[in-house]
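Look at the two complexes coming up: chain A is in both, with chain B in one and chain C in the other.
Our next item is the complex of A and B:
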């Protein structure tokens, strides 16, 4: 697998991915070998079944939604670029990047983009609002079956109540960001990708 | 305030007077039996058998009650002193409690010295290590913020083991250099002696650190780093001290001996760990069978922890590690098995004993400073002080530079400064120095140790708070986490677990999940009672009913700060149950398809009955009327204020319960089961 991996990934591609995501060369090659090991069909893209084959992911309560997050709107396959783009959200924010205002577009692993990723886990219908139902769905997935609907309802209500500032009984992205302003999201939502 | 002072002084004089009647005894030894039979006999002889004397109306027989009487007097003094400090609001804000207690001790020691013209009783090492230290460490271990501790465990161990080694070697060797430079006064202090001194003076003391840091509210990471280090460096200190002491007795030291010492660190550390684990699991198992006799349940917690400490001390392993491990291990199972009242009792008594121990330790430190013979040597003392600071600072800098490369959350320079500056020495050094085999310069060592302890506690202890403000060190988040924060944090945790699985990275989340699975499949099934699961639904119904009723009451009484849509403000119990639900069910990876089986319900039952999770939570309830949420367990590390204020604030809770007649009955049933 190793030699195949390096020949299939061209240098120009690596450079492009580097620029887009900020990963280093060695990280990209490493993640590429992970990509190919997941890609059982060997067609250069991953399907949902490939993800579902990961054992721990199958039992993760949010497994389905996480898998969905990798796939762009309406598509069933994700190539390596898309894979890296999603993973780029979880790159730790380096100190020298925090002050860099030169970059034209906001880097994928900025705090806002990380929070947007989390927001999208709730907001399935992409209407930029987390409604009470969407909240309940996620709660039910996270919390399990032996909690009554009423308790879950009260938790959901409380969550909305704490965040909602414009009284529309739903959480918008700005409200979401405001609620989490005291949480150290940069650190929580980062994985140390080994070099 | 003045009346308290007067009474304290009166007590002191009484104590001085009483002890003046007899030769000095080492006071806090509760196990000391009442005076020996010989004395007892003579005491009893006086009123009844002494024939020539007429039957008196009134007689004083002090010998009979001497030991317990003196002990109680000391404890009373300590407690009154503590009361006195907190009476005045401003003083504890500026001067840490430890300083004030030492000053009281100095005062008392001075009075006793003045009355008796001989040295007051000193803190015996046995009394300290066997009776005064365990409660404090047990309390620390029981309320240790587990998640934070294990996340930072690598760094903590790094500081504890390597940092201590660095300090010991550095201080020991430099002091030897100083001794060589002053052959006139310090010529007979050998290298081994210097190293031995270095080993006992280098270690950061958990008692002192705890008492100063708990009032500071620095960010939790910093707190856990300093505190964890002070707990875990015990293994290294113990080994080095014993090793160097045995070297002193050997004719010569060879290479293999040093190597043996190195292995011994591992043995001591891991040995303590296993002893603690063993007793912790045993305690958890025992607590499973306590439902019929709930009154005894708290006792097991203390007995097993103390046993683990004593066992490891017997085997010359690290007692502190053992007791901390024991507490951490048994906590979740005991809390699940034992009734709520027993839980509160356990927590309450832990806080009480540790508070008492700490107070006594500091007072005795003060008293023991008044000695008959102090040997002073300017170069030695000043050099020691300076070297302690220097080596600690350099050690922290170096180690952090290395460890920051692998940490996600870097330790900033400000934090490093506080870590270095917050390395306080305390009573452990003091006791260890007394245990040294007598040699000509032992007095010098004792004096120097006292000076170092006083310096660190007073100067560093008092200035660290303004420094923290000055340097703008990141503080503990004052606001309590809201339900939203909690829920979204859980979401992010799940998300990160998933992403780590995708990437194939065995990170923190991976190991945490693995441990939770192991915990659930084996440990919980074995150590937690079966009946818990049936009870949970009853409890839940009970809680819902109570919540509804109280909610209706509270709605009328409480002023709203948040505009209420269709939900009422949540009460602490509700917040508690919400947080419990979210945290307990985080790792329920049984299956995606809901299955109503006996064992999935089992998971829910193991939620801790944490109404009184930490008595520190009561504090914020009283202060913060918004009921936004409860402190996390970290607040349990604060000791002095929790003991003082919790009784008052728990009363309203108790009063609320009797109003609900049937529910009280229900709760009574549950608790007596």
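Our next item is the complex of A and C:
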């Protein structure tokens, strides 16, 4: 669609999204235009099929996990607010200083929240732990048929061994954060949205 | 009482009479030059006047928005996000973990997730299949995103525009198009009845050009042809980027081509039958179209005959929105003859020519075209290209595509136009997985060993 984009989105809604996510007015209208162009059913929500229609996402080995991150537990449709909330994780952290509207206590794009997003990509059953099984499944998604089960198993074992500090053979969110301590998460997980 | 009725009756008659006379005058005024191939330059004057009005309209909207202290929605044609220059997955991974280690890290997922979300926000393919967004308003409701900022003055101008377009231009254009179609069918059939081959081919060319000139005026198409010395010759194939079925009219206005397509029923079928009587076109039955060898054979037979006109083919296979060029199907490049590339670029300000076939049927589309201001485009004839010794048909196709893209100022994409309707092939995902595995394992051997094992087991 693209046409009538800004007229269907009310000013109050734009303000609310601005406060919640920190995006600017023009960024929100442009992202809304994108949202409507993906919404083939024209019902104001996106389904998983709408995402899978994007070829570059469909060939991403973790495409399905990323799509899943947009949908709350047990739901099959995501509306524009939910869409923006998830995208907000990828705003650069520097942008927060420029934003005059004070963001809430913990902005969606803080380092912790970015890491939480990444953690949830691994945590398939949403029980706040990455088990060996879950890690294996995600690894299998990333490498396809090119690595043997044994090799993948040893990679998983090594990773859990290095990360696990409380001996429960699973990686909790705190252990995950510790492992990624030195990684420049801010830069690796930020998308430069144009103003 | 009766006197007033009588008065209004004669007044009505007079009005109708004048309208009809005006009508016929206009029609003759447009068709005769078309028949003779003469132009008065009215269309370019019209174009310049329109541009001035559009600038004024956009200015008014900006002023309106400022008064209300709101922002005007300005679509950015260069995207929503600033993308890093495309680094390969390997390079990105190595940068992430330092060149030493090639083992799996939990942080690897960050690369995948960022790329994934980037493609959700802005990807190359999805935006090829919807109409372009304009920077300035062209007084058409269909391309306006700032309804709230229209002042009274602007509304009046817009209203006049609607009256002009739907009241005067549309009926005129439909009349012209109908005349053109009738002439094409009748004259082609007549010419086809002539026994003498030389005379027949000469006359069929004249008929062809005349009818397409009428069609061009029916659409108010303002076309600029560049480099006409490179025009396609007999025994070759002309390839062009595809935006709309009108592409055929744009090109056929300047030269005679043999068209390729599926046999249709109804009016289209009638046209096809009439055209094939006068000159040779290649029409396929639906079942034949699937048979690649048959298609290739008919194409090569046609180009082998030097008396036959060049074939016009659109290798993308589907309509793309004129901002990019998508993958060229290699079929026409396997025939082995000279290829004449042509780049067509439309100016969307006067009417967006892109046919979004999932949104509009062909009749709705044509009506939209005929109720736009005009269709303005540039056609560049590129120097002929031949397949080189070591080049495969697919590589040749890509080379031609790049040439067309750079001339027309379009983005050169490797994605298949078929993605408009179909899902992307699994193979591409497997390729990405393979690339990542190579980063992990470091060398090929481990992966190869495992695959060998798999093959032996099956």
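We adopt the following convention: the second predicted complex is superposed on the first by the 182 of 195 C-alpha atoms of A that agree within 3 Å, B and C clash if a C-alpha of one lies under 4 Å from a C-alpha of the other, contacts with A are read in each partner's own complex, and residues count from 1 in each chain.
What we mean here is this: a contact is a pair of C-beta atoms (placed from the backbone, for glycine too) under 8 Å apart; a residue touches a chain by one contact, two chains touch by 3 or more.
As the structure is a computational prediction, the values presented were derived from the model and not from experiment.
Superposition of the two complexes onto chain A shows a clash between chain B and chain C. In the superposition on chain A, A:29 makes contact with chain C only, not with chain B. In the superposition on chain A, contact of A:166 is made with neither chain B nor chain C.
In the superposition on chain A, A:191 makes contact with both chain B and chain C.
In the superposition on chain A, A:52 makes contact with chain C only, while chain B stays out of contact range. In the overlay built on the shared chain, the residue A:154 is in contact with chain B alone; chain C does not reach it. The superposed model built on chain A shows that, among 9-17, 27-35, 63-71 or 81-89, the segment of chain C colliding with chain B is 81-89. Annotation: chain A residues 31, 34, 37-38, 51, 54-63, 66, 87, 90, 117-118, 121-122, 138-139, 142-148, 151, 155, 158-159, 163, 176, 179-180, 183, 185, 188-194 touch chain B in one complex and chain C in the other. Interface residues of chain A, counted against chain C in their complex, comprise 1-7, 11, 25-27, 29-31, 33-34, 37-38, 51-63, 66, 87, 90, 117-118, 121-122, 138-139, 142-148, 151, 155, 158-159, 163, 171, 176, 179-180, 183, 185, 188-194.
Listed in rising order, the residues of chain B touching chain A in the complex are 408-409, 477, 479, 482-485, 487-505, 507, 510, 513, 540, 544, 562-567, 570, 574, 577-578, 581-582, 585-586, 588-592, 594-596, 600-601, 603-604. Chain A meets chain B in the complex at residues 31, 34, 37-38, 51, 54-63, 66, 70, 87, 90, 92, 117-118, 121-122, 138-139, 142-148, 150-151, 154-155, 157-164, 167, 169, 176, 179-180, 182-185, 187-194.
Those residues of chain C whose C-beta lies close enough to touch chain A in the complex are 70-71, 73-76, 78-82, 96, 103-104, 106-127, 130-131, 133, 142-148, 415, 419, 423-424, 428-434, 436-438, 440-441, 446-447, 450-451, 453-454.
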